[in-house]
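By written order: A, B, C and D. Residues from 1 in each chain.
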Amino acid sequence: MQPVMTGDEVMSLLDNVFPQIHEDGRVYQIASISSGEAVVRFTANQRHLRPGGTVSGPSMMALADLAAYVVILGHIGPQALAVTTNLNINFLNKPGPGAMLATCRILKMGKRLIVVDCAIESKGQDGLVAHATATYSVPPK
Amino acid sequence: MQPVMTGDEVMSLLDNVFPQIHEDGRVYQIASISSGEAVVRFTANQRHLRPGGTVSGPSMMALADLAAYVVILGHIGPQALAVTTNLNINFLNKPGPGAMLATCRILKMGKRLIVVDCAIESKGQDGLVAHATATYSVPPK
Amino acid sequence: MQPVMTGDEVMSLLDNVFPQIHEDGRVYQIASISSGEAVVRFTANQRHLRPGGTVSGPSMMALADLAAYVVILGHIGPQALAVTTNLNINFLNKPGPGAMLATCRILKMGKRLIVVDCAIESKGQDGLVAHATATYSVPPK
Amino acid sequence: MQPVMTGDEVMSLLDNVFPQIHEDGRVYQIASISSGEAVVRFTANQRHLRPGGTVSGPSMMALADLAAYVVILGHIGPQALAVTTNLNINFLNKPGPGAMLATCRILKMGKRLIVVDCAIESKGQDGLVAHATATYSVPPK
């Protein structure tokens, strides 16, 4: 499964269709898009933190959802209309305040449904901090 | 199952322990806490919207997570340490930009795990816009 | 949302298309199909039990999946081709060996995806023993 | 994370505590238990098949649940009391009637909760046929 857009191309598309993701500054960066996979880097700022300096659950859900969207766009092209239909997330270990990496892999690339697996790590921490699976629905052409 | 805190008491607690939820203004209000249930109202502002005037998926995930926390705090008391371990959400219908109501019910009140069901409606729209189940882990006393 | 098949009609259809569900005897019965809802009764036999006389997790997953299929068939008609795409289940309380009731409600009746909520009780036991949500995909006509 | 039981030892344990898994013949075999991972092989027989020669959804859910239990027992030792609290499964591609391999990896090995990822393949078929995540609760010692 080969990507059809680069990380820069996907980010340009997001800049146009979802400028809201940058409302807190450019906290998301696309580290790479490769065969069936994408890596998105997230740098939490004050509003994503919780007491004790941990990143909030909703920030990780938003990250998983965005990284899933990135790997999908990277492989189907600029189809901004793909929508999340299901997201399941397990919170595994309390993350520190540092940068996070979400690695998303396509598990199924169907004509109507795309299923993605998303592993989230926190820089300098062993093991995963969260793991999600997400399903996106793609409109018929 | 009777609540042990009122909506106002839970909101005061959140004001102290999670002031971040108000960073976009007071978009969350606790409409009610009753036997095994809580209703949280969410008024989206510009940053929660997506093209076409729909509320973003991550905003609904954050709402489900918060409303689950509200019903749990309302029934176990000021135990700020309860943490989400799993959240599963189905996005059902595209919401309009209006206010949302999340109605959360406790499905299981265990000593260690609490499981909650969350139905999200959008004002003036038939049917649900999203449905979530969430599990919180409660630290041993 | 009105049903288009009765419980007896759905059971006849299942007898034809899924005779395997009766391999352990007629353990499943359709108690009712009404507006947006179906109730399926399951009587565990020896092979569904686990040490301590509890019904196995896979038996409850199979029950949730079947009851979801029943409520869907009851509302879309004899479309045997609907297939499960996602099932999420929380096991809430250890069930006793008695009969179980699965009550499934349609949360979303889409043209392509149908989402169902399923609450499982065990006769003579307070509260739910399990809660599931399932998504079925319906082939385009 | 090193295993503390071999596949043969786990199977002997299952033979004692869950003889029911062999009611249809010895359809499950433990292919391997290695660092943080276990592979379980499942050979469907007539009762697991559906029209068209595909393996039923409940059979795959039962396989994911069992393989998760195998990887957990293999790493925590003969603690027969671990119980599933949540299982989420995505059905990805219709499997053929052949043997299946479930590869389960431990995502989090907590004192109270263990989270496992399970990829299911069907022999001779590209890609996964299903993907599950499961959470088991381990009783306090």
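The rule is short, and it goes like this: a contact is a pair of C-beta atoms (placed from the backbone, for glycine too) under 8 Å apart; a residue touches a chain by one contact, two chains touch by 3 or more.
Treat the numbers as computed from the prediction; the structure is a model and nothing was measured.
Enquirer: Relative to subunit A, which chain has the most distant C-alpha mean position?
Expert: C
Enquirer: Write down the chain pair with more C-beta contact pairs when A-B is set against A-D.
Expert: The comparison resolves to A-B.
Enquirer: So how far apart, in whole Å, are subunit B and subunit D when each is placed at the average of its C-alpha atoms?
Expert: Computed from C-alpha means, the inter-chain centre distance equals 34 Å.
Enquirer: For subunit A and subunit B, let me know how many angstrom lie between their CA-based centres, rounded off.
Expert: 23
Enquirer: Any idea how many Å lie between the Cα centroids of subunit A and subunit D?
Expert: That gives a centre separation of 28 Å.
Enquirer: Identify all positions of subunit D at which a residue touches two or more other chains, and write them in rising order.
Expert: Touching at least two other chains: 85-86, 88, 90, 135.
Enquirer: So in the complex, which bits of subunit D are touching subunit A?
Expert: So the residues of subunit D in touch with subunit A come to 88, 90, 92-93, 107-108, 115, 117, 127-128, 131, 133, 135.
Enquirer: Any idea which subunit A residues touch subunit B in the complex?
Expert: On the subunit A side, the touching residues are 17-18, 20, 23, 46-51, 56-58, 61-62, 65-66, 80, 83-91, 94.
Enquirer: Which positions of subunit A touch subunit C when the two form their complex?
Expert: 85-86, 88, 112-113, 135, 137, 140
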